[in-house]
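Two complexes follow with subunit A in common, the first pairing it with subunit B and the second with subunit C.
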Partner chain A sequence: MSARYVPVSWNTSKLVYDALLLAAIGLYIGVYLWVAPSFQHATLPLDEYSARMAAFGTCAFFLLTLILCIGPAARLDRRFLPLLYNRRHFGVLTCAVALTHANAAFEWYFSYSPLDPYVALLAGNTSFRQLSGFPFEAFGIFGLGILLLLAATSHDFWLAFLTPRLWKALHMGLYAGYTAVVLHVALGALQTAHNPLLAVVMTLSVVLVASLHVAASRKSALPAEPEDGWIPAGPWDSIPDGRAIVVPIADAEPVAIFRYEGRLSAVTHVCAHQNGPLGEGSVVLGCITCPWHGFQYRLEDGCAPPPYTEKLATYRLKLADGMVLLDPRPNPPGTYVEPLRVA
Partner chain B sequence: MTPFFVGWNPRSILPMSGFLGAICGLILVLFGGLALALGTTVNDPGGGNYAGDRDIVGTVVAEPYPFLVLDPDAAHPNGHAILLSGGGKRGVQEQAAALNGRRARATGAAFKRGNIDTMVGVGLEAVEGPAPAPAATPLGTWRLTGEICDGKCVSGVMRPGAGLAHKACANICIAGGVPPVFVATAPVEGSAFLLMADRNGHALPDTFRDHTGGLRRMDGVVDRVADMLIFRTDVAMAVAP
Partner chain C sequence: MAATIVHAAMFYGAVGMGVAVLFLLWGIDRIDPTAPGAYAFRPLLIPGLVLLWPFVLLRWAVLEFRH
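Our next item is the complex of A and B:
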């Protein structure tokens, strides 16, 4: 949680997370550049720039794949939540790795000619009407542009400045970036790869990302029809203590109904920090706690405890024959609603 | 109750630390394994490599692309041709045109791959002495399959210096004046590398750009000049085999 801006609010979890990330990147690059050449069956090794391009390019692709797997994996199994916690640092590091790949390609392929290097980059290959030989660099530039944009706007300043809704929409651009990177590799390196390994690993990566997203999306229910303005949310005892159920609302944000110490409270499913899925969180120390970054809100009024100032929309609930009914009209953020006593 | 991680509470990770340790270990093993597997199965970039600095004398030929023909010797009874390029992705057209058909000294770095012999970063200066016109022998009409590459990168300046991933670089090099070579899938009269020219023996038109990097089938006339083959063709008519 944050009451003011700080450049980076470090804690033990973030330090461990970043150390592990750096270790994985260092291991990959080190093995690729300095160990693997000893086992190559090639007449001569790749030149230094080409090896760097391959090592950092493939590393960036696998990092991106991991980033996209974390979200749905955490929805399917809460034990993955710690991997999601510091995903923004993951993204910034991935951008740095991709930038190293791009810099090696730029220096090696597009510099030292009579043309300005940036002109050479855009004009070097213009065979846009061919599939084999298509200027795959264009997809790489697009993908890198998205990574740079997301890295540059990853700080909480931009989250507050753009508003969480716009910020999250912008950061969903990562999917477009990943698609561009897949096309970049498929129309570039894969076209001349003599060994099928890269193609196999890439295909498995894409299938993994897609199947995890499909599996996670199946957890979402369809919106129910309101009866007399109230939506049936299910029997109250189906809500685990300290947890929530998520009620989809047609053309509006879903609502999370929490049960805690024999009482029910309903707030928006969307966290005020980064639009995280509050209904997948838990009640910790008497407060609703977001699974993404641990932002907390009081059950009865959706307000973050002082000195924090974030507020959530609250909702009215009533009980009929053991069934919880939800009024889908949101109260203004921070409105007190007496929790519904159920036991 | 199911464990629930809260980032600002390091103790909340304890109930799932075993699971996370296994996942992190798996990721590290996967990253190391992938790097080793992908790093050991890179394409063989071929044997083109730096062959030392050179200071040689011969007859300059400016067209279709600059090359120098060394005097005949026992190993090369018709003389030995060496492709010439400038620094970076540049040719030496201006220098070569000024010395075309004359005897000159060339200095630069040599790169050699198979029977393709190139010099890069070349400086040319006129020297006194005879400059016999190199012998040219027509070898007839051929249909060849292979890849259009720039003679500098493919000879070992870059490893790899061919293929679609290198296409833009090949285009920039050839457009900058570096001699283009056709790397045939099967040797022609003992040589897999042929210097390229248009039908009239001049530099390639700009249409070459759509045909670099990938396999192409092309019809044309092959001549031997000194010990080098020159493939005269209409590059716009190239087709994927």
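Our next item is the complex of A and C:
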């Protein structure tokens, strides 16, 4: 499926996803701003702006951490796949939360300055040469800029307009953004924090993001050595019915081998829509269904059912002693390959 | 210095807004075959067009040339 810029339209699961996300953010902010202060015994409670700054700032940091965890977590365990489904809205909401944090900071710092607030922000602290009192705001502005750029280019139009390669490279900028945000907190809020909780939670978050990425990259095993050009992909019965295994190929796109109703078919692992991980999808109503936005392709020829026009490269398979062997040379997209009967 | 940066950013944004209006009313239909007839999504593109307008102009020119 595809066609105009409506394919990734609203559906019930997206609405539920967004509603849950909004509810979780609302709950976090609500507890932080209205419930938590009543349990505090501070002699000097936070003023309104500082409280808003802290609530929205920490919320944005946790949302960003979650966004970065979703990808590798889904690769390690399929049960996280539903979270991946609508990550784009997750990102845009995170940007909105970060903007609210920046706005509160802006009001707090500059409401009494006679200067134009933007000028005051840039000219306020320029002690870039020392660590204590370093203008941590600069990292915040940089991180916010990246979030804004990514949110602003999250629509499908940008993927086509910028080309998928450039778009993906641009969106990898999220890692630079996260690093900037970590530095922003470490050189800012952590320098004045009286309570170690923030430092502990932040360290744990960074460790979580890093270790999930390491674990997920270990999991994508090294490509197997081809035998006479055919690559052993594993025993056919290790493929769950209606699902796929993903076979890495040296210097080429990985291949997804699907099993459905006693037959095997192989197509590229890369979705024709936005390079989504097709092999992590499943067969729905006889069609391979991408886990990202639900584009569908026929098993036997990799074509999207009419009236849609996307096509995937297909691959040849054969069986030897219960082992599936894969010819790693892709057929032109849309080429019919008779599914391999296994049971 | 700081005031100059702020003025430059405002100028950049204003030109970007102009480019965005031109592109959404006219350019997009010429270079993106899936755009004609689809309008609801266009305002969503404004922030990106304003941020990336020099690149948008470049890419618009390249695609225009190719068609």
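Following the convention adopted for this analysis, the second predicted complex is superposed on the first by the 324 of 343 C-alpha atoms of A that agree within 3 Å, B and C clash if a C-alpha of one lies under 4 Å from a C-alpha of the other, contacts with A are read in each partner's own complex, and residues count from 1 in each chain.
By our rule, a residue touches a chain if its C-beta (ideal position, glycine included) is under 8 Å from a C-beta of that chain, and two chains touch if they have at least 3 such contacts.
The model shown is predicted, which means the values in this text are computed figures rather than measured ones.
Colleague: Which partner does A:116 contact after superposing on A: first (subunit B), second (subunit C), both, neither?
Modeller: A:116 contacts subunit C only, not subunit B.
Colleague: A:335 contacts which: subunit B (first), subunit C (second), both, neither?
Modeller: neither
Colleague: Of the two partner chains, subunit B (first) and subunit C (second), which one does A:161 touch, if any: first, second, both, or neither?
Modeller: A:161 contacts subunit C only, not subunit B.
Colleague: Tell me which of subunit B and subunit C touches more residues of subunit A.
Modeller: Counting contacted residues of subunit A, the larger count belongs to B.
Colleague: Once the shared chain is lined up, is A:151 touching subunit B (first), subunit C (second), both, or neither of them?
Modeller: After superposition on chain A, A:151 lies in contact with subunit C alone.
Colleague: Which parts of subunit A are touched by subunit B and by subunit C alike?
Modeller: Residues 120, which sit in both footprints.
Colleague: In the complex of these two chains, what residues of subunit A are touching subunit B?
Modeller: Going through subunit A, the ones touching subunit B are 1, 11-14, 20, 23-25, 27-33, 35-37, 39-47, 49-51, 54-55, 58-59, 62, 66, 78-83, 85-86, 108-115, 120-121, 124-127, 130, 132-133, 135-137, 187-189, 191-195, 197-198, 201, 241-243, 281-282, 284, 289, 291, 293-294.
Colleague: Of all residues in subunit C, which touch subunit A in the complex?
Modeller: Spelled out, the residues of subunit C in touch with subunit A are 1-3, 5-6, 9, 28, 32, 34-35, 37-38, 41, 44-45, 47-48, 51-52, 56, 59.
Colleague: Flag every residue of subunit A that touches subunit C in the complex, lowest number first.
Modeller: Those in contact with subunit C are residues 3-6, 116, 118-120, 122-123, 148-149, 151-153, 155, 157-158, 160-162.
Colleague: Under the definition above, what is the set of subunit B residues touching subunit A in their complex?
Modeller: Listed in rising order, the residues of subunit B that touch subunit A are 1-10, 13, 16, 19-20, 23-24, 27-28, 31-32, 34-49, 87-90, 156, 158-160, 163-169, 171-173, 176, 209-210, 212-214, 240.
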